[in-house]
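Take a look at the structure below.
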Amino acid sequence: MSSVTLSNTAIRQPNKVTLFFRYLRRNPSLTFGLLIMLFLVIFTVHGLLTINTKDAYPLAVRPKMPPSFQYPLGTDFFGRDLYAAMVIGMWQTAVIGVFAGALGTIIGTIFGFISAYFGGFIDAAITSICQILIPIPAFLIQVIIAGSIDKRSVTILTMAWVVLLLAWMGPTLVIRAQVLSMKERQFVSVAKLSGMTSLGIIFKEILPNLLPFIAAAFIAQVFQAVFASFYLAIVGLGPVREPLLGNTIWSAQTQGAFFNGWWWWPIGPAVAMILILGSLALINMGMDEMANPRIRRSE
Amino acid sequence: MKPVLKVVDLEVSYYTDAGRAKALDRVNLELNAGEKIGLVGESGSGKSTMALAMMRMIKPPGRIEHGQVIVDGNDLTSLSDEQMLKARLSQIAYIPQGAMNSLNPVTRIGAQMIDAIKAHSPNMPKDKMRARSLKALESVELKPEVFRMYAHELSGGMKQRVCIAIGILLEPKVIIADEPTSALDVVTQRQVMETINKVQAEIGAAVILIGHDMGLMAQSMDKVAVMYAGRLVEVSTVKEMFTAPKHPYSQALIRSLPKLDVRGVFQGIPGLAPSLLRLPSGCAFHPRCQEAMDKCKTLRPENQVLASGSRVTCHLYGEGA
Amino acid sequence: MNFRLLSKRLLFLLMVVWAASTITFFIPRISPKNPVRERFAELARTGGFSPEDLEVIVADYSQRFGLDKPLLQQYGDYMWGILRFDLGISLNKFPKTVMQLIYESLPWTIGLVFITTILSFILGNWLGALAAWPRSPDWLKNIATSFVLFQGVPPVLLGILLIFFIGFKLKLLPLGGAYSIGTVPDQSIGFFLDVLRHQLLPGIALVLGSVGGWVISMRGMGVTIQGEDYVTFAEHKGLGPRVIFRDYYLRNALLPQITGLALALGNLVTSAIVVEGIFALPGLGTMLNSAIRSNDFSVIYGIVLFITIGIATLMVIVEFLYPLLDPRIRHQ
Amino acid sequence: MANLLEFKNVSKIYKRGKTETVALDNLSLTLKDDEPTILTVAGESGSGKTTLAMLLLGFIEPSLGQIYYQGKDISLLSGSERMSFRKEVQAVFQDPFAVFNPFYTVEHLLEVPIKRFKLAKSRAETRDKMAEALTAVGLQPDEIFGRFPHQLSGGQRQRINIARALVLRPKILVADEPVSMVDASLRANILETLRTLQRNYGVSIVYITHDLTTAFHIASSIMVLYRGSVMEAGGVEQVIKYPQHPYTQLLVDSIPWPDLNRRWGQTDLEPSEDSVIGQGCKFYARCPKAMEVCRSRPPLFQLEPYQTASCFLYQEKPKLESEQLSKTLPV
């Protein structure tokens, strides 16, 4: 509560759009993150509309060309246009990230709600599974899973599934903790007194208040998914045929790109990846700040 | 008698998105040594802001616009930051509202007492600091073992008493107690109040008790100051306040109190406290005042001293009336 | 220390180890891929022997590795092996055992990971605390906060950029390797400095890539702590900013960070493994990389399991040390 | 004369590991159907007053004993009976902010019960009902509709809470510290609203508080709890003006009356530190008048027609069975 009590004649509030922009000014990480994200989306969409998809695959163009007007990011050892490869790679990264992130968040939210609302044995089971799985480095398990799949049949979607398998524990625990604290809030008791059922309370009273947390969990999950798929690709467990950003770096690495003087090969995808992960991290941070505003003390 | 505390024209504003809120508006107050005054008002009336301003602890977006806080002849507002650090606790001490969380959970009580002394007299020998801390604990009727304990090992009342003990370590001239009992049961509340009165008498300090419980004021204060919308509307002795309150707001406040003799007769104050962002013109209380006159709407009343000794800010009194 | 708590934690550790080993055991076995066949099929392709020979060799190896036994028995043998620190035999570097290989690479990885973890913990928390401390000058806050930007950047990408700019363009530091080609490992200072020179870039990549996480969490913690009543009361006591920062603010904000240490170590190990590959440093990561490349599955599983157990153990240790630092927990 | 609500030897025991905490100890209490009253349940934190409220609302179940609503055990109610119990036993809580779901505007609080209990047939009727309830608690509906809780004052919020209960026309209203977080100047208004409710709508109010001054003014009877047991009970005027149990005396003596003629007394304040209760009087460790006999649990003794105390100081007075407690509570 602020030290200022609003009177009957409430102070006129500026409209929502103005308020949103004003808020962005105070939350630079969210603003920068969103701006970078916007840039990446425009880049990818524009690219998808203009490139020839075939150029992103081997033997399409003259190999080993440094950046030029025709090939803004150069071409690689296998004869791929690195610009086309980057556009496709970004698109595929987005697909993996959003797919695994969304599904992980949904599963986590459902488990979190079930665990917190019903408690007892179900809660104990779900939380212990999460707690036991969390110390196990997800990446290593993903290495095993990805390594156990026939390399030739790995696709973008299998990547997403591999990443997803270990992506639900985080949101489960976060949502569970939030629901537990919400359950103790008095408006839940009042809703009970007002005749609401358990299910009604979950969906109409608790869930709306958790939306910011769910959104934050989603962004965090997308980040994790992109990160994990990138790591898998960079150690050579990605879908080898696809120009996924990590794959491009991996093949540059295996062909000794730096030693051979093809410096442009890994640099492009590396910068793209930094921008993607960086913008997600910034948005996530900005949302954290939004969800937990500092409570100013007052009398 | 020379006053030990003089607050002159103190003004504090908070700068919010919606504009500037005057949380404290030209407040004047005087207090003699050993005198106890209660500062009452609704939430948002500026009581706590007053305490923080006197300690010079107003933080952005708040700011002391102007005014002086003179303790024992020294104007605190003119001190450098380093000098102000020294003045806190040794000149003017603060006993917090949230005693539950006011002690560092990971260090012993004794260490927290000693670091307070050390900040003011770094060269004092260790055993002397220790002796002084133990004496302060004794004053608030706590066992010496508390010195070696952690905050979580103490009950709420004990924590509040530790805070009082810290407050009197350096025998300050003025003690500000900010709702020190609001979270406590009646019996503990009374114990804490009696402890404050006892240590106050021992060191002869002036006390400002901030709160909204008129009962507490009646039980243990000498004077009562009433705040409304950041302004001090009346300062009277307890006797005067409870028998013949002057300002219409004080009168309404007294009327709203439950009495012991007749059951079921009490009435609230109609209307709502105004927003500090858009205060009514003239006297801020006029929209709720039953005795409001035309000039109350436009002209801000001046502070004046009545024959009874009460100081009141209202057009009903003085030459104009 | 409480005996019940101790046994509870040890049980937890056992559960983690059991879960990790069960996952590493079953996932490859429910997949249609036969690791041994995979391995030798590759050799066959490069022209060592005929497809008929392959079947014989696969059968022979399957028997030697116990892969022809019933699944449950294999599982039992496998678990029993783990209890004896026996993670099997390398397919690729036969007859070396996986444990032998791990012991050879382990010191490199431990050295890199421990030093970078400690550096990034200290640097990150210090910067995070300064970023949240209201009295920090603005330039310091900005610098500290800007380290947050590295949070989104995987150390391996920093590694690539560092290799490119500092190793390749400026030629200040070596592009990779554990020590200069041609030097013979010995105990001399010269050799030690050479190793250090080679570890510098990967070290920087790891510290920079992990420092942001600490800055963020410490900054969040710091904002919470400075709003606490005890910090305000400390100011009312007239304590100097230095004392408040050290005894009231930092001390309380740091406590929860310590619990994050073991988990952060897990993330750093993951990153270190990938970074080692990029820099061609000897260590678990390079070993894992080459195992992936050569389909040496027993080594892959062995490394995964070994690291998991290591991290879970560290978590339990941290949890036991924590009460020594926080009196509130100690008294419960 | 039917019993609206009956507590029959109700105890609530919380177990945590090996330690058992008796939050409420063998309480019997009756509220009559046709005699709306205001009963104060007073005590400090840990006295069991909140546990009593939770039991009354059916949020928790007693460990021992039964609670009957209109003659039926509330743990065995059928679906429709449960619905009408839910509707007729309502509450107003302490924190006037926490009861609002921050996601919705304030009318959500009133809309939900109207919808759930099907009290209105149309949107317009819903709105009328809401406006009526708001007016009844002294609010202007236009000033309330469409606002978010943080845009209202504490007093307004608390009155909306009372309006919510009022919409349902309850038979029993549990008011759990309804004014302790409201400004002193607004307390009178809220309490007045509660009393009007009792008089005009025939609602029985269980007023839970640690503040005896307000209890003195709105309640007709009082029950003082200490660590889950009744120390003293009776007519509010009788008990507060002439407290007999040493604990009640201590409590009453510590009330900060806003009255210069009624100063804090000189009662010795024993340290309130925890000590073993064992089988004796729960107040034994703090009692200035403790005797040897107090090492066993004292029964209730009838002191006046409308006053009873659980204290051996009055052992020559007639014993009162704990089931008879309600007889000493005037309406």
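Here the chain labels run A, B, C and D in written order, and each chain numbers its own residues starting at 1.
Here, contacts are C-beta pairs under 8 Å (C-beta built on N, C-alpha and C of every residue); 3 or more make two chains touch, one makes a residue touch a chain.
Predicted model, so just to flag it, every value in this text is computed and none were measured.
The chains touching chain C as well as chain D are A, B.
Note on interfaces B-C and A-D: more C-beta pairs are in contact across B-C.
Among the chains, the centre nearest to the mean of all shown protein C-alpha atoms is found for A. Between the CA-based centres of chain B and chain C the separation comes to 55 Å, rounded to the whole angstrom. If you average the CA atoms of chain A and of chain B, the two centres end up 51 Å from each other.
One simple way to say how far apart two chains are is to compare their mean CA positions; for chain A and chain C this gives 22 Å.
Residues of chain C in contact with two or more other chains: 232. Under the contact definition stated at the top, the residues of chain D that touch 2 or more other chains are 153. Chain B has residues 43, 272-273 in contact with two or more other chains. The residues of chain D lying in touch with chain B in their complex are 44-45, 153-156, 183-192, 195, 210-214, 216-218, 236-237, 250-251, 254-260, 262-264, 269, 272-273. Interface residues of chain B facing chain D in the complex, by the touch rule stated above, are 42-43, 155, 157, 185-191, 193-194, 212-219, 238-239, 242-243, 252-254, 256-260, 263-269, 272-273. Residues of chain A that touch chain C in their complex: 29, 128, 131-137, 139-141, 143-145, 147-150, 223, 227, 230-231, 234-237, 249, 253, 258-259, 263, 266-267, 270, 273-274, 277-282, 285, 288, 292, 294-295, 297.
By the touch rule above, chain C contacts chain A in their complex via residues 12, 15-16, 19-20, 23-24, 27-28, 31-33, 148-149, 151-154, 156-157, 160-161, 163-164, 167-168, 175, 212, 216, 220, 223, 227, 232, 262-263, 266-267, 269-270, 273-274, 277-278, 288-289, 292-293, 297, 300-301, 303-304, 307-308, 311-312, 315. Those residues of chain D that touch chain A in the complex are listed here as 57, 59, 83, 86-87, 90-91, 93, 95, 97-104, 109, 112-113, 116-117, 143, 147, 150-153, 161, 164, 168.
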